[in-house]
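There are structures below to look over.
Next come two complexes built around chain A: one with chain B, the other with chain C.
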Partner chain A sequence: MQSFDYYEVKTLREAVEILSSGEEIRVLAGGCGILLLMKQKVYFPQALVNIKKIPGLNYIRSENGEVRIGTLSTLNEVKTSYIIQEKIPILSEALEYVATDRIRNMATMGGTLAHADPNSDVAPALLALEAKVKVLGRDGEKEIPLDSFFQNYYETTLQSTDVIKEIILPAPSSGIQGTYARFQVRKAMDKPMPGVAVLVGLEEDGKTIRLARIALSGVGNTPIRLKEAEEFLKGKEDHPEAQEKMASMVKEKIDPVTEYHYSVEYKREMAGIFIKRAFAEAYRRTISLGRKRS
Partner chain B sequence: MERYVDLSVNGESYRILVKETDFLVDILRDRLGLTGTKKACDMGVCGSCTVLLDGMSISSCLVLALDAEGKEITTIEGLETIEGKLHPIQEAFLDKGAVQCGYCTPGMVLTAKAFLEKNPDPTETQIRKAIAGNLCRCTGYTKIVEAISEASRRMRDQWFSSRLDTKELDSP
Partner chain C sequence: MLIEGKFLVNAPRQEVWDFLFDTERMAKCVPGVEEVKAELDRSYSAKVKAKIGFLSATFHLKITILEVKPPDRLLSLFEGKDNIIGSTLKQTNTVELLSISPSETEIRYKSDVTLLGKLGTLGRTVIRGKATQMMKEFSEAVRKEIEKVARGNTDTREG
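Moving on, here comes the complex of A and B:
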């Protein structure tokens, strides 16, 4: 591997200072993204700033109706967290699919988002949850809605001097249920094509859709949220026609490219099928939750 | 860049001069002579370089040596006791014929160890899922799953017998 400068920092502020001191300086957290790119001779940063030794960035907290996840929390820590399983089970469900246990022990939540893999399992769930990314940069802290965070393949709105501090998730109000569904060719260790996250909330009548959130990954250059389809579903009941219409809206909206296993047509078709499946499951879960209550 | 790091491997401390580009797997194999840890895909996929960091399985080909400082590293060599007694998982692998070429075995055994510590009584499906990230190119998965299942039984038996008064059990 090509040599690089290596820094270890004790605060995020220090990390931002080092990031500001030159070109092509990158943050090292779990290392599953950046080190792999370097090993594969795809990317050659001049320096890495290891933020993993900063204390206090590894937490999952629930406060004021929000769940805050520290940037250094590993995927397995989030997946097995009681708070997440209780308040945001869809995130645990999505994390179950990510790579392998080893990678989930290493990879961090902040790193996963910064890496911006278009085939992410985590991103659709976080998009559907309307997550925000809290970032520390040269001009202080800012919050970026995840909706406008992903730009292109492995590209985000993060500046080269920014570092992710935490991920903020508004915990869905009670009565909203969701699911994450994905298709893959291999049984394990495969990327999602597509990965679909759906959240559904119902009106008092227990069948009319009050709120729908739909996001997907694996079929374009970034994970995306599908607001048109969400709007369309509002005020409707679960009906085959509504499902078909939603699926066709999704198929039109996405812009996949052909690759090894899958053609463009196949990707479109599968996106439609899995959106329908995920929606049906989310709707079913929401209804059965309502029944348990009454 | 070169720097000394203090690594704790299988309970022993080592002070080693490493470069920033050194990965843990290479230090273990080439500098410490612990060649039980294998290196195959070198990109975090195959699981042959699995070691435990503070009891959790990780891919040592994706961990910088500089970053392994301060963590307790367990390799396959660390499972055997000083008297040369194998770990129950290793014994089960031998008894069940779960070793063919052997290249995946250290990773399989360590993955099984981390897994069984959290799930002492797993189902077959859970075992298969747990080793989904460890590839066996001899495709000897059936025996490996059997071995892990057998190991879990033996470890549970050990656990119970270490806690129960055997005389009490024997009495009618």
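Moving on, here comes the complex of A and C:
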């Protein structure tokens, strides 16, 4: 590994100052993405700023109808959190698929988002939940909706001097349930193709769709939310024709490329199939939740 | 890794063909190109920067024209290395021009890309996706550049 400068900081502000002092200075949190690239001699930073020892950035709080996750919370901490399992189980479900326990014990929520892997399991769930990313930069704090956060392969709207502070999730209102489903060729350690998150909320009649949120990963250069298909589902009931139309809208919207295991046509087809499966499961869970209540 | 596509340009075929050999204008259309120099014997040298997220590679390329059949078909070979990451690129390109009408030409391209070395760490999906994206950007830039000049020529003729 090529030599580089290493800083440990006590505050995020200090991290921003160091990041502003030169080119190719990167944040180190869990290290699961960046250290791998450095060890493989693909990336050579001038310096790393370790934020892992900053106190107070590892938390999961529920307040004012929102769940706030500190940037240094590890994936396993989020996955097993009582708050997440109770209020946002779809996130816990998606995290179950990420890598292994050893990696989930190291990787942080902030780092996972900043890494912007197009084949992320976490991103579709967070997109469907309408998450926002709170960032500290040279000009102070700002909140970025996740919808506009991912820009391209491993690229986000983050500036080189920005650090993620926390992830804000509006907890879905009662009566909304969802699911995360994915396909992969091998079971262990494979990336999703596709990864699909669906949330469904029903009207009081217990069958008409009041709200639908759909997000996908693994079928394009970034994880994406599919608002057209969501709008289409509003006011409809679960019906094979509606499912087919939703699936064809999704297949049309995505822009996959051919790769070793999958052709473009296969990817589109699988995206359609998994959207339908995830939707059916989310719809079933929402109905079942309604029944439990009444 | 095969990347292919086609796009329509509002210009006569001969104009499009001439454009392919206009080093300066052509270079402006290549995403990440930093310099291009015409060498002897139907070859060029170029420096092209490719960026994926915060990773970047700079390829020093030798471009050789292998076969020319004016104004229909051009076969070229790109070969080069990125010395920092340590990756080698070999790309064979076929460009075919099809006259759709006296003022419209379809450009068909087919590139067989072999990328060896550590950039492959990022995975085939990402590399192919990025390459496809760069080809789309290139196609769009070529279309705009050719049509800008073609429009200028028409204006001059009409004026």
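Keep in mind that, in the parts below, the second predicted complex is superposed on the first by the 294 of 294 C-alpha atoms of A that agree within 3 Å, B and C clash if a C-alpha of one lies under 4 Å from a C-alpha of the other, contacts with A are read in each partner's own complex, and residues count from 1 in each chain.
Definition applied: a residue touches a chain if its C-beta (ideal position, glycine included) is under 8 Å from a C-beta of that chain, and two chains touch if they have at least 3 such contacts.
Note that the structure is predicted; figures quoted are calculated from it, not measured.
After superposition onto chain A, partners chain B and chain C are found to sit side by side with no clash. Shared-chain residue A:239: touches no atom of chain B or chain C. In the superposition on chain A, A:116 makes contact with chain C only, not with chain B. Touching more residues of chain A than its counterpart among chain B and chain C is B. In the superposition on chain A, A:221 makes contact with chain C only, while chain B stays out of contact range. In the superposition on chain A, contact of A:40 is made with both chain B and chain C.
In the superposition on chain A, A:105 contacts chain B only, with no contact to chain C.
When both complexes are overlaid on chain A, the residue A:154 reaches chain C alone and has no touch with chain B. Once the two complexes are overlaid on the shared chain, A:257 sits against chain C while remaining clear of chain B. Centred on chain A, the angle reaching out to chain B and chain C in the chain A superposition, using CA centres, is 110 degrees in steps of 10. Across the superposed structures, the minimum distance from chain B to chain C, using CA atoms, reads 11 Å. Judged by the document's definition of touching, chain A residues 40 lie at the interface with chain B and also at the interface with chain C. Listing the residues of chain A that touch chain C in their complex gives 26, 37, 40-44, 116, 118-119, 152-155, 220-221, 257-260.
Put simply, chain A touches chain B in their complex at residues 1-6, 8, 28, 31-32, 35-36, 39-40, 48, 50, 52, 76, 99-103, 105-106, 187-189.
Chain C meets chain A in the complex at residues 52-55, 84-86, 118-119, 121-122, 124-126, 128-130, 132-133. Taken in their complex, chain B has these residues touching chain A: 1, 19-21, 42-45, 47, 50, 53, 56-59, 62-64, 66-67, 111, 114-115, 129-130, 132-133.
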